[in-house]
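Some structures to go through are shown next.
Shared between the two complexes below is subunit A, which pairs with subunit B and subunit C, respectively.
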Partner chain A sequence: MNLAEGVQIVSFGILAVMMLGSAFGVVLLGNVVYSAFLLAGVFISMSGLYLLLNADFVAAAQILIYVGAVNVLILFAIMLVNKRQDFVMVPRIWIRQVATALVCVGIFALLGTMVVTTPWAIVTTMPVGDASIVKIGLHFFSDFLLPFELASMLLLMALIGAVVLARREFLPEATLEPGDADALTLPERPRELLTTGRSDSTIQ
Partner chain B sequence: MFKEDTVPAKADPLLFLLGPVIVVLPVFLSYLIVPFGQNIVMTDVGTGVFLWIALSSVVPIGLLMSGYASNNKYSLLGGLRAAAQSISYELPLALSVLAIVMMSNSLSTIDIVQQQSGYGILGWNIWRQPVGFLIFWIAALAECERIPFDLPEAEEELVAGYQTEYSGMKFALFYIGSYVNLVLSALMFAILYLGGWEFPVSVSAIAGAIGVSETTPWLQVLTATLGIVTTLLKAYFLLFLAVLMRWTVPRVRIDQLLDLGWKFLLPISLVNLLLTAGLKLAFPVAFGG
Partner chain C sequence: MDFATLAAQLNAGTIVPEGIVIVTILLVIVGDLIVGRSVSARWTPYLAIGGLLLAVLALYQRWDSTSPISFFGEFNADNLSVVFRGIIALSAAGTILMSIRYVEQSGTSLAEFLTILLTAVLGGMFLAGSDELVSVYVSLETLSISSYLLTGYTKRDPRSNEAALKYLLIGASSSAIFLYGASLLYGLSGGETRLSAISAGIATAGLDQSIGLVIALVFAIAGIAFKIAAVPFHQWTPDVYEGSPTPVVAFLSVGSKAAGFALAIRLLVTAFPLVTEQWQFVMTALAILSMVLGNVVALAQTSMKRLLAYSSIGQAGFIMIGLVIGTDAGYASMVFYLMIYLFMNLGAFTCIILFTLRTGTDQISEYSGLYQKDPLLTLALSICLLSLGGIPPLAGFFGKLYLFWAGWQAGAYPLVLLGLVTSVISIYYYIRVVKMMVVKEPQEMSDSVKNYPAIRWDLQGMRPLQVGLVMTLVATTIAGILSNPLFTLANNSVTQTPMLQAAQKPAVQVSKDETVRLPIAL
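Showing the complex of A and B:
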C-alpha cells in the first residue's frame, strides 16, 4: 500500500483521536453497555493503525478476534447478566482498590520504560506486504513456538474452565433467606466431583 | 404510515440508528474481494477470503446493538439469538474455507479460482471437498439467517426479533443487508467451490484446439463476458437453491440450531480439515501440494 505522506499523517491523526476518544469513553462513561460498544471502536481504530503500517493480515486478525469474538462475548456477558441487586458494601474494599491502583501503575511504568528504552530504528527494507502471512507462520513454528503454544494452552484451560462453570446448578432465588448468601456470589448446589460415569438427569 | 421512520420513545436513539448501519456496512465492504474474471475485481488483497470472514464477524455487534437499543424484550432476545447464531456458525464456515485455502496455498480469491482452472468442471473444488462444501453451505445459510435457521426473527416466538421496533429505511437496511449478504455468500460459494468465472468446459483449451491465439482481442472480450455471466449464473443457481429451501424446510429450534453448530458441524469440519491436510501430503498432485 502506497499512500502519500500527508494522507498517512492525516489518517494517523484521525485514528489516534478516534482511539483515544473511545478509550476514554470506555473508562469514563457510566453505562457499561456504551463502554462495551466503544471498546469495539478502540479495536477498529487499532486495526486501522495496523493497516497504515502495511500489516493487513494483523489488521484483519485484530478485527476478527477482538471485535468479532472478544467484544461480542463481553456484550453477551453484559446483556445476559441483568441480575438487579442492591449495592452491598464489601468489607475491606479498599484492599481491592489499592491493589487495582498498584497493578495499573505497575503496568503503566512497565510499558513506559519499554517505550523509552527500546531503540526505535527506522527500517529501511521494503515492507513485505502480502508475504507477511508466510513470515508470521514461519516465526510461529520456529522462534516463537513457546509463546504460541503457551497461548493455546491458556485458551484450552479457559475452555475447560468455562465448561466446568457452565455445568453448575444454582439454587432458585425464591427459596433463599435474605441474609443467606454472601455478596458477589451466587448460591450453588453442592455436587460430587466424580459423577462423570452416570447421567445425573435420570437419577435426580 | 409504513414508511415513516419512527424511533420508540424509550429507545436509545444513537445506538438505534447505528445498529442497522453496522449490520449493512461490512456486507458491502466484503464485495471488494469478489472476482468476476482474471482482472475484473475491485482489489486483489493478499488477505482475500480472510478479510471476508473478519468483516462478517463484525455484524453480530450491530445486531446486539439494535436489539439492546430498541428497549424491548423481544428485540433483545432476538439480538442475542442472532449474535449467538452467527458466532457459532462462523467457526465451521471459517474451517471449511481454511481447507480450501490449504489446497490453494493462498488466501487470495483470484489464486483460489486459478487453482481450480484448466480441467473445466472436473477441476472444481466441489469434487475435492465433498464434505466441505456442504458444511460451507449450511453455515452460510445460517449466517444469512435464511429459513431453516431464521431463529432471530422467528415471528411466532419473537414477533420479529431485533427488527421489531424498526420501520422505514432503518428496517429496510436490515433486509438489504440480509439479501445482499445472501448474494455475497452465493458468490463466495461459486468462487470457492464452483470454479468462479471458469466455464464448465475450459475455454482456453477450446481456443487452442481451433487454433485461436490467447492474445486475440475478440477472444479476450468473449472470455471476460463469459466469465462474468458464468459467475452470475452460478450465484443465481445457489440463490435458487436457497429460495427453494425456504419453501421446503421447516425452522429448527434454538437448541437444535446450537447443537447442530457446535456438536455436529464443528467436529466434522475439523475432521475435514485434518483429512485435507493428510490428502495434501499424500497426493500433492490432486490436492495442490
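Showing the complex of A and C:
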C-alpha cells in the first residue's frame, strides 16, 4: 500500500487525535462502561496506525484480539458484576491524583527524551506489505518454532486452568476413605462446606 | 529450505527433557479423563514424579553436549541451563510429594493441580535455556500464568483468591514492563532478538552509552526482580505466600525463583555486557535491600508461612551476592546455594504441611512443645531451619560460606559483611521456632499440640509426605559434609559454559584449583 505523503500525514493526525482523545476518556471518565467502550476506540485507532505502517496482519490481529476478545471480555465482566456501589470519596484524593499525574508525566518525559535522542537504525528496505502473512508463517515454522509450539502448551494449561476456576465444585469426601477424611485437617478448607458435619475434625 | 534440512538444523535433541515433561502432562490429563478422579488420584502423582525424574535423567545425559545451540539459536542447552533445569524439575518432584495429601484434604482435584504444576515446570525449564527474547517471554509467561492459577487453586478459600488476584495484577504489570524493555532492546540493536546478537548489534550501532540501553536494563531488571522477589519488587510475596496452598508456596520459593535466577544470569550476562557496571550496581542495591528488609521484617512474624516468605526474600538477597560479583566462583556459588536451598526449603515446607495437616494451624506459637509429641517432625523442621540460618555443619552453612568466600575474593567486602550481619539476624528468628518446639516444658504445650492426633503414616497420601520429609532431612544433613559432588557440579556448570567464560573479566578471575579445594580446606 502506497499512500501519498499528504494523505499519510492527514490520516496520522486523525488517528492520533482519535487515540489520544479516547485514551484520556478511558482514564478520566467516571463511568466504567464508557471507559470500556472508549478503550475499543484506542485499540481501533492503534490498528489504523499499524495499517499506515504497512503491517496489515498486525492491524487485523489487533482488532480481532484486542477489540474482539479482550474488550468484549471486559464489557462482559462489567455486566456480570451487577453490583451498584456508591463510591465514597477518599479525603484528599487530589494528592493521589496529582502524584499519579506527576509520575506519568515524568515517565513520559523520560521515554520521550530517550526516543528523540536515540539514533535508531531505520530500515531502508521496502516493507513486504501483503506478503507479510507468508513471511510470518515461515518464521513461525523455522526460527521461531520453539515459542510457537510452547504457546500451545501455554494455551492448553490456560484452558484447563479456566475450567478448574469456573466449574462447580462437587463435594470431595467421596475420594477419601471413610474415617480418613477427618483424621487430618487444614485451615484452607472453609468449614461450612464440610458434609461430615463435624466441625472439629481432629481426632484424638 | 526443505523439511529434512530444517529438521536437522533444529537440533531438537536438546529439549528431550522438556519433551518428557510434556508427555507426562498429556498422560496425566488423558489418564484422569479416562479413569475418573477418585481412581486417578492413586497413580497420577507417581506418574508425574516418574516423568520428572526421567527428565532429570535425560538432562544428566545431555551434560556437556557438544552442540548445545538448537532451534536456530532459540534455545541454548549449555551446562548452566542443564543444572538450572534439573533444580526446577527436582523442586517440582519434591512439591508433588508433599502436595498429594494436601490437595486431597483441601477438597480440590489432584490431576489438574499436577497438570498446571508440570506446565509451570515446563515454562521454568524453557526459561532456563532460552537464548532469544521471544522464547524468553513466552516461557516466562508460561511459568507466570501457571503460577497464578496454582496460587488461586483452593478457590473456596478467600485468602487464596486474594493471593491469586494480587499476584496476577502485579505479575501482569511487571511482565508488561519486561516486555517494554525487551522491545527497546529489539529496537536498539537494529532488529535482533537473539541475546548474543543484541549486544553485538548495540555495539555496532554505537549505542553502548545511550539512555535507551539503561532504560531497557532497568525495565528488564524490574521483570526479573519480580520473579526472584527482590526488594522493592517483593510486595506480592508475603500475601501470596500466606494465602496460596502451601505446596505451591514451596514451588514458588524454589522452582520459580531458580528459573528467575537462570534468566537473570543469561539475560544480564549475554544481552547487557555493555552496561555491566550499571547492572551490577542495580543488583547490588537490590541485594542489600533484600537482605536487610527480608531478614529484619521476618523477626516480627507470627505465622510460619509468612516467616518463610520473608526469609526467602532474605535468601534471594544472599544469592544475589554471587550474581553481582560476576566471577566464576560467584556464579558457581549461586548454583551451589540454589541446590542446597532446594533441599532445605522443600524440607521446611514439608514439615509445615505436616504440622498444618495434623493441627490445622501454622501459627508459630502453636508449635510450642511439639518435641514431646512428634520427635521426627521436630527434628526435620529444626534441621531445615538451622540449615536455612547457616549453622554448621548443615548444608546451608557451606552454601553461605561459599557465597561469602566468593564475594570476599572478588573484593565485595561491604556486601559480604552485610550478608554476615543479616544472616546472624536470620539465625535469631529461625532459632526462635526451634526453641519453641524443643525446650518448652510439657505444661507449656500449646492447645494444638496437646490435641495432637496419633501419628499415622498409613493414611492415603501420607507415605509420600514421609518419604519427602526423610529425604530432604537426609539431604540437608549430609549435603554439607559430603558436598563435593554438588560442589564440582556447580563449578563445572559455570566453567564449562561458554557464555559465562566469554563474559569473564580477567582482573577478577579466581584460580580454579583454589575453588575446588575449598571444602577440604575446611
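Everything below uses one rule, namely that the second predicted complex is superposed on the first by the 113 of 204 C-alpha atoms of A that agree within 3 Å, B and C clash if a C-alpha of one lies under 4 Å from a C-alpha of the other, contacts with A are read in each partner's own complex, and residues count from 1 in each chain.
Following the convention adopted for this analysis, a residue touches a chain if its C-beta (ideal position, glycine included) is under 8 Å from a C-beta of that chain, and two chains touch if they have at least 3 such contacts.
In this text, all values refer to a predicted model and were calculated from it rather than measured experimentally.
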Quiz prompt | Which of subunit B and subunit C A:69 touches, first, second, both or neither | solution = first
Quiz item: Who does A:79 touch here: subunit B (first), subunit C (second), both, or neither?
Solution: first
Self-check item: Greater subunit A contact set [subunit C / subunit B]
Solution: C
Practice problem: Please indicate which partner A:56 is in contact with in the superposed arrangement: first for subunit B, second for subunit C, both, or neither. | Solution: first
Quiz item: Which holds for A:37: it touches subunit B only (first), subunit C only (second), both, or neither?
Solution: first
Quiz item: So, A:124: does it touch subunit B (first), subunit C (second), both, or neither?
Solution: neither
Exercise. Classify the contacts of A:157 with the two partner chains as first (subunit B alone), second (subunit C alone), both, or neither.
Key: second
Quiz item: In the superposed arrangement, which partner chain does A:133 touch: subunit B (first), subunit C (second), both, or neither?
Solution: first
Self-check item: Contact set on subunit C toward subunit A in their complex
Solution: 1, 6, 10, 15, 22, 25, 29, 37-38, 41, 71-75, 101-102, 104-109, 112, 115-116, 119, 122-123, 126, 132, 134-135, 137-139, 141-142, 145-146, 149, 152-157, 159-160, 187-188, 190-191, 205-207, 210-212, 215, 245, 356-362, 451, 453-454, 456, 459-460
Quiz item: Taking the complex as given, what residues does subunit A use to touch subunit C?
Solution: 110-111, 113-115, 117-121, 123, 142-147, 150-151, 153-154, 156-158, 160-161, 163-165, 169, 171-172, 174-177, 180-181, 183-190, 193, 201-204
Quiz item: In their complex, what parts of subunit A are in touch with subunit B?
Solution: 33, 37, 40, 56-57, 60-61, 63-64, 67-69, 71-72, 75-76, 79-80, 129-133
Quiz item: So in the complex, which bits of subunit B are touching subunit A?
Solution: 15, 45-47, 50-51, 53-55, 57-58, 60-61, 64-65, 68, 76, 79-80, 83-84, 87, 90, 107-108
